[in-house]
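Structure, as structure tokens:
Per-chain numbering from 1; labels A, B and C assigned in written order.
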């Protein structure tokens, strides 16, 4: 039919771009990961799964994976715990309040990380002045938590907005009915609000987990993975291997591994969300 | 007044940064400055002005590309039947979850081969990886909410699918186009990893790269960094203040089933 | 003006029973035909197939004797009125009326002339510069009708155009549609789920059920000689009573149908009557709907509003034997033998 072919034409440019910048590159990355490929030496040689064999015995990879997982779990949990009360505050309206909360989300992560780096500064930073004695970015114990704090500051607004949308979708009559039935506010929160908010919570968890797992900007700007690789996440490790060392083979293997992890997380969440509907 | 601690947490660091940007560099060791100065802003120089311009160009280019390509595709997905319709929509959603690091290595090689590495134009296409799925998602849900009968009426009135898009659906979609444009602009303005990986010439850096790599000769110029941060933040502050409703609606589109 | 003919038209959607199954229907030039049936019966799909918004899986459609296969909706010389009116929200009334003519690249002067004529005919001349959202439901309905009329098409397709109006307006628009049809002498194909609407408007009715044509005929034919039990039960309020023959003292094991208005209620015994108990009496104003219990079955009869019926009371009924419909045991087809 004429109409049908015109429809395909309307969609064709978008399809071509997505295939070109996303689908093919991922396939190409997998292909690259099966090579030994060092840019400066113009070396390019098929080596099968040797990169992945090395990856499994690479302590730095496992440490980066652990760091990434810890970062993701703690940051996302904190964002949800802070995001829910913030969402409930947002529910009472106030355009300025909403815009103010939105601001940390809107500014570039690189900018906010620089801003926090100044707050964390071991000599004159504001946090240092208020809480002397903690070298936030200098000590392996605190550096990762400092990065988590930056992520929480920046993305809690997003979580709060998703939860706000969920809260607004709860019919007011249900809450009224619970009150008429004699339930107290705490009871209403745990028996009505929270269960009905489940889909929104799961969705926020999905978006944020996938996003936190690929964390790069904040850590790159704050610590570049240091001190002593204590904050090195998968994206940082892969970036350094690719663009600092120019090792495109192993760097691609690290990228592919990161991709596989994100895919796994996504599939697990989609299964939960699917059950929800 | 439960809002006060929340506001302090989210706005306090920004306020400190603004103060720092007006803080005379030699006085940074003091608890508070004696006097304020605009020297930090004056000292930013042309390199940073270039970065602002570069970011503007890349973000605007990405926005234009994604809206041009995304609007017709979203209309097709929402209202028409064609082969690959669910593949396009599902694929776009999946791609939006890709970690960007996964595509850095092949994109680097392709851009280098095409002579687009270290160019601003060479950033726009990679930015479509995250920007185009977002555009498709927002516009498709908008077009889906417009009644099917509107499309059928246009067809009976003699329109081809393309004419129905141009004469009926596009004029109706400016709110959704505006929302998509704002969000795509913000995401592109903020992107770091691709810009850091593909741009090497300092004069071609975007704001996030410039700020991430901002360095002085001996010590970190915190006052100037603060000034640069404020410059990078002001346009976004205006966007959020004026368009917060649109931004919120766009971010939470599809978060709840009607 | 034109005839429309459907020849064994079939529309199948993947993984579902046929939405329209082997439908053959002849609609004469200038005829007002209603496609009626419960939701999901395929009536709207049929309309979309005629409009060219959907393609039949098999079978053929002719307009004015010519096959329309492969013709775009805009090339079929049809116009359509939609349930939601589907007015273009960003265009004012004039823009809405002009749009089909602009797409067809008519001369500006001709467009203006036709808009003026149509607006005059429908009494919307004063609304031409309003946007759809500034119009009432009834006004929107007129503009939707106007957008079809300006094209002077050979066939009008109307998809439940009155179902979004309130009851008073609907009755008024019904009369107006009827007048319009008589004035235009064009072919009207009208889709509705409302049996009363179909009865009052149509020259002929086609009743569909699950994609299959049950019967076509004039409203009178369909009401008095329904082809099967489904047709009999679809038309008429309250619904036809269907009970085993023995309940009415008739021969055989078949089911029989008798319409509520054919049952005469008596408060005293007479010859040739049946005795029944009143279960319930509903006052509708002009008349009384009396639910009776008879031989273990429930039946409804219509009585004058002053008839005295009390729940639990005893009444007697009689009915003209030639008004009883007899259904085959399957309940699906009606035997042609009359009692």
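Operating definition for what follows: a contact is a pair of C-beta atoms (placed from the backbone, for glycine too) under 8 Å apart; a residue touches a chain by one contact, two chains touch by 3 or more.
Predicted model, so just to flag it, every value in this text is computed and none were measured.
At the far end from chain B, in terms of centres built from Cα atoms, lies C. Chain pairs B-C and A-B differ in how many C-beta pairs they share in contact, with the greater number at A-B. Separating the CA-averaged centres of chain B and chain C is a span of 54 Å.
Note: centroid distance chain A to chain B, computed from Cα atoms, is 17 Å.
The set of chain A residues touching two or more other chains comprises 2-3. Among the residues of chain B, those touching two or more other chains are numbered 155, 160. With touch defined as above, residues shared between interfaces to two or more other chains in chain C number as follows: 72. The part of chain B that touches chain A in the complex is made up of residues 2-3, 6-7, 9-11, 13-14, 16-17, 20, 28-29, 31, 65, 69-70, 72-73, 75-77, 80-85, 88, 91-92, 94-95, 97-110, 125-126, 128-129, 132-133, 136, 155, 160-162, 165, 186, 189-190, 192-193, 196-197, 207-209, 211-212, 214, 222, 225-226, 229, 232-233, 236-237, 239-241, 244-245, 247-248, 251-252, 255-257. Only residues 147, 149-150, 152-160, 163, 167-168, 171-172 of chain B touch chain C when the two sit together in their complex. Here chain C touches chain B in the complex through residues 48, 51-53, 72-75, 78-80, 82-84, 86, 88-90, 99-100, 103-104, 147, 151, 157, going by the rule given at the top. Listing the residues of chain A that touch chain B in their complex gives 2-8, 10-11, 13-15, 17-18, 20-26, 28-29, 32, 86, 89, 94-95, 97-104, 106-116, 118-119, 121, 123-124, 126, 129, 153, 156-158, 161-162, 164-166, 168-169, 199-200, 203, 210, 213-214, 216-217, 220-221, 234-235, 238-239, 242-243, 248, 251-252, 254-256, 258-259, 262, 266, 277.
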